[in-house]
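Every chain is named by a letter (A, B and C) in the order it is written, and numbering of its residues begins at 1.
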Amino acid sequence: MSAAAASPGGRMRSWMAEAYPICRSITGDGVRRTLDMIEAALPSGVSMTRTGVPSGTQVFDWTIGDEWNVRAAWVDGPDGRRVVELADHTLHLVSYSAPVRTRLPLEELRPHLHSMPDRPDWIPYRTSYYHRNWGFCLPHRQLESLEPGVYEVLVDSTLEPGELVYGEVVLPGAGAGEVLVSSHVCHPSLVNDNLTGLAVATELIRHLAGLEDRELTYRFLFAPGTIGSLAWLSRSAHVIPQIRHGVVLTGLGGGGPLVYKQTRRGDAYVDRAAEHVVGRRGGEVRGYSPYGYDERQFNAVGFDLPVGRLTRTPHGEYPEYHTSADDLAFVADDELEESLTALVEIVEVLEGDRVLTNLSPYGEPQLGKRGLYPTMGGKSASDVVMAMLWTLAYTDGKASLLEIADRADLPFAAIRAAADDLLDAGLLG
Amino acid sequence: MSAAAASPGGRMRSWMAEAYPICRSITGDGVRRTLDMIEAALPSGVSMTRTGVPSGTQVFDWTIGDEWNVRAAWVDGPDGRRVVELADHTLHLVSYSAPVRTRLPLEELRPHLHSMPDRPDWIPYRTSYYHRNWGFCLPHRQLESLEPGVYEVLVDSTLEPGELVYGEVVLPGAGAGEVLVSSHVCHPSLVNDNLTGLAVATELIRHLAGLEDRELTYRFLFAPGTIGSLAWLSRSAHVIPQIRHGVVLTGLGGGGPLVYKQTRRGDAYVDRAAEHVVGRRGGEVRGYSPYGYDERQFNAVGFDLPVGRLTRTPHGEYPEYHTSADDLAFVADDELEESLTALVEIVEVLEGDRVLTNLSPYGEPQLGKRGLYPTMGGKSASDVVMAMLWTLAYTDGKASLLEIADRADLPFAAIRAAADDLLDAGLLG
Amino acid sequence: MSAAAASPGGRMRSWMAEAYPICRSITGDGVRRTLDMIEAALPSGVSMTRTGVPSGTQVFDWTIGDEWNVRAAWVDGPDGRRVVELADHTLHLVSYSAPVRTRLPLEELRPHLHSMPDRPDWIPYRTSYYHRNWGFCLPHRQLESLEPGVYEVLVDSTLEPGELVYGEVVLPGAGAGEVLVSSHVCHPSLVNDNLTGLAVATELIRHLAGLEDRELTYRFLFAPGTIGSLAWLSRSAHVIPQIRHGVVLTGLGGGGPLVYKQTRRGDAYVDRAAEHVVGRRGGEVRGYSPYGYDERQFNAVGFDLPVGRLTRTPHGEYPEYHTSADDLAFVADDELEESLTALVEIVEVLEGDRVLTNLSPYGEPQLGKRGLYPTMGGKSASDVVMAMLWTLAYTDGKASLLEIADRADLPFAAIRAAADDLLDAGLLG
């Protein structure tokens, strides 16, 4: 293993580079190969469970469609030269393109070609999941240069009964309650959206697997967007009541600050935990909106699960979004590592927050005689002392450590460490 | 009818131009003539009820005073030339001036003359309803030029037992509950304060009369300020319990943004509705203050009616306020029309808001198969789709459409239209 | 008495000038002499009660230590010249320095010397209450110039069983409930921290003693910081349940705006009262923090007393804090007088706030017929009329006069005066 791969950032980059060329969609072998790759990266003793939901299955208001696979797809020009070739870039083919082999003049081909006039060198990402069609995407500069004449088109795809597949990784905890971490596996060669989500989720599994004591159970869901999370919801009636907190992971690189999107209700505990962490890192907190990723399904009125979303700059707010410019160069290792760190900090809150009681509540206890205070008076208190004073001032049997940290404007970890010292000194219980 | 008069702005301007020269006060024939003019402008099938409350009647803490009428009033100078003439401008005479015919030197006349030194060309508006007195108002420049000598003064007025008159126009609704719309009729030749209120109220009656289904009853009150609204309150014990929402209309032209003044409690439903409409139009929302117009009476502790107030720049905040510069040129048609539109939008909220329930609450329903979603994925959702998604996300049987519109930062009409589409599709109930 | 001394500012300055040279600490004769000086300044008929708590007494988590007194302390240089002399400035000696008489080379003396490299002309303030040690403080410029060689050191102090002393001044009120006003007496020659607190507290006693009717009992506590307030709390179990409001006074000069620090809960009545007063004076309101003065003890979870703190620029936020630059020149008379005025205004709220009921609630009462309104209409209402209108609008039997003043954005005194006029007119009850 190289030095780079030994760091979280290096491991995530290597994984993304390998997963990048796979042609994923909401069904098909691309999803299976991606789940294989996630499974291969899991730490020892941790395994993935896969579920296949057959085509034709009703999942709430939706129906699982035929499975889509593609062997080859291209367009040849009037001069016989290859104009567009799926093997060059998975974005070249409109996802779920129906099979076709035909020859047709440019003017008839034209409605099947998609480009971005304002970004003439980029290939856009297009899908047609629920409307049978076919199409190709290419740089606008290339589209503009196409000569009149007859083109030959091949889409060697199949749309046949099969299944929609999703994977779950469960890390059991000692107590009741689950944390749902969900990241979509359906996007082809787009790195920020969403190889970053998959890579960071996998690293988070490594971190959690290494924790000695986990109170909560962590359930990682790797499913195709929308229909995949709905399929999981339809098969998880026994799990749903256990979910206490949740977060959707996507777009965790690409510059810009961390952005946490609140749950629909906006007052869930995970909102408080994530706001504390993301806010202290200079990130943004945004209210819920019904547009986005699978948080839409988890938060729907009928489920009402407290699932937020962590991204950096959200979808649609950076020009590279859903284009070939969302490539490996678009995300940096330190961006992914900060996203991972923020998630680890959120987990520390979920695991470590509690309500404690000051056992020496009649005035301030004498910290000095316990070796917890500087001996020479007259100067300002250190951060460590301040964290203890805040903790003692508000551990009234009602406020939690997270609430105290927010009130004190100190990191949760500082209040948690102070509480541990005070517990050791017998001042809290 | 001219083209101008066919538009709401044109109609309102014509009406105001005709009503401008009438010498109104809190009692007297000026009020009767103004009510005649409003009645004449009502749509067919709609009528006005008038109530006369005799002089001497006790209304709560107040007593209806004598009725004031004036036939003529002027001041002649030492050289016999007319210095001030009521027929030139109704503001020339202090309202409720007692009758007088006398000759007196300038130094004795001077205390009866009112002007604005800082606005030397404008005539101020002064009243002396409850303190028997007489006086004239004139431009300061003119006052300064008065020569010493003996002046002749005539105020040919009467202050005799009569009545205070107010008018009501009621548009019945199908359900319970009334909306009170009140606008004062006591101000003489001042356009923004308050011919605009009367003109916009009359147009709003036209609009409401044309609605097919009205759920609420709309009660328009045209009464003299303070004593008139108190007289109405004293005679309306049967109506008061029905009032659900209310708004005082005045100062609806004159530039500046729309300004909504909240009810005394500040948390009435009409506050939410008006804040939504006025806020989206770039207007201001202000807290209650016990100074202003008849909202003071309706909101008094003993009545506690939820009556807000709609103006543009409020009284006292523009230099033309209560001067001859508040004339027909001071208000523009588009200002009045926007005020009317805002009121129509508030009515749309009052009539159209409701609590609905998502009938497909388990995840997002598949809008595409119902023709409600674009078929090609990968781009942003349209405003119409977003309005549907917001509506589906929050129709939990508790949130109203207005609350959803505020949360979504979308116009109520957009959420209402989305809800109608979703109702048609069977997705809401 | 000089003219200056006849004014509150002059009296406070004279008092501080006399108290400045006394060597105070948390125990010892310096505290006794300071209490003597406060007692001497009390108005006739008002007396101070003193309590001595013996060394070795346990007060909650703390123990009263030995009493510290010092007769002399100095350092002589290798050439026999006096380098540091306690008689020159009480800050020269680390408070609670243990007795020592020794000769030692500079390198061994050096760890016992404290200075401020960034403020080379100032003497810092240092204490060592709970860690037996000795030391001297001096300007950094002087410390830098010390020649190598053998120095002679004398600290002629005693640390022996004695007592901790605090004083109380109680001004009884007609009703139930007490107001605690606390100011620490333990700091040596530092003017803002805390001769200003003691001087303003003494003037406030003069003011309160002169009031005809006091509803509340006012209890002034003059105690050493931390251990002194804890000692008082340990001996005051009968008083604590009576305390309704409280304020710690310190740092009431020295420029900067008034700063009110909230109680721990932040929603006590004294918070509302002080915020009203301090806010209207352009001051700042800050949330509670567990660092500061004796508010830490009063607000501790076990006592939970509603005690805020009034200062100007708080401790640690001005460079002169805890240095010899906090001298008589650092505070100005008008700063102290404004602090006193703010406290008097807070007392006016505590004493004068009440819930009244509008007895003429059906519309606005006719103020004019009661001589409470200008007779000529058409202009803006005066401040006096506005205060009456606000009072009438919200005296619904629930809102207090302070709440009305805040809502009206008017001084409490204006609303209180309006309420008095309306009570006289029979409009309130």
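Just so we're on the same page, a contact is a pair of C-beta atoms (placed from the backbone, for glycine too) under 8 Å apart; a residue touches a chain by one contact, two chains touch by 3 or more.
What you are looking at is a predicted structure, and each value in this text was computed from that prediction instead of being measured.
Colleague: Using the contact definition from the top, classify how the chains connect: line, ring, star, complete or other.
Modeller: complete
Colleague: Rounded to the nearest 5 degrees, what is the angle of the rotation relating the C-alpha atoms of chain A to those of chain C?
Modeller: 120
Colleague: Interface overlap for chain A and chain B, more than half of numbers shared or less than half: same or different?
Modeller: Different, since most residue numbers here occur in only one copy.
Colleague: Report the inter-centroid distance (CA atoms only) between chain A and chain B in whole Å.
Modeller: Centre separation, chain A to chain B: 54 Å.
Colleague: Taking each residue of chain C in turn, which ones touch at least two of the other chains?
Modeller: Counting only residues that touch two or more other chains, chain C contributes none.
Colleague: Under the definition above, what is the set of chain B residues touching chain A in their complex?
Modeller: 358, 360-366, 368-369, 375-378, 380-381, 386, 389-390, 392-396, 407
Colleague: For chain C, which residues count as touching chain A in their complex?
Modeller: Spelled out, the residues of chain C in touch with chain A are 59-62, 124-131, 133, 226, 229-230, 233, 264, 287-291, 296-297, 299-304, 316, 322.
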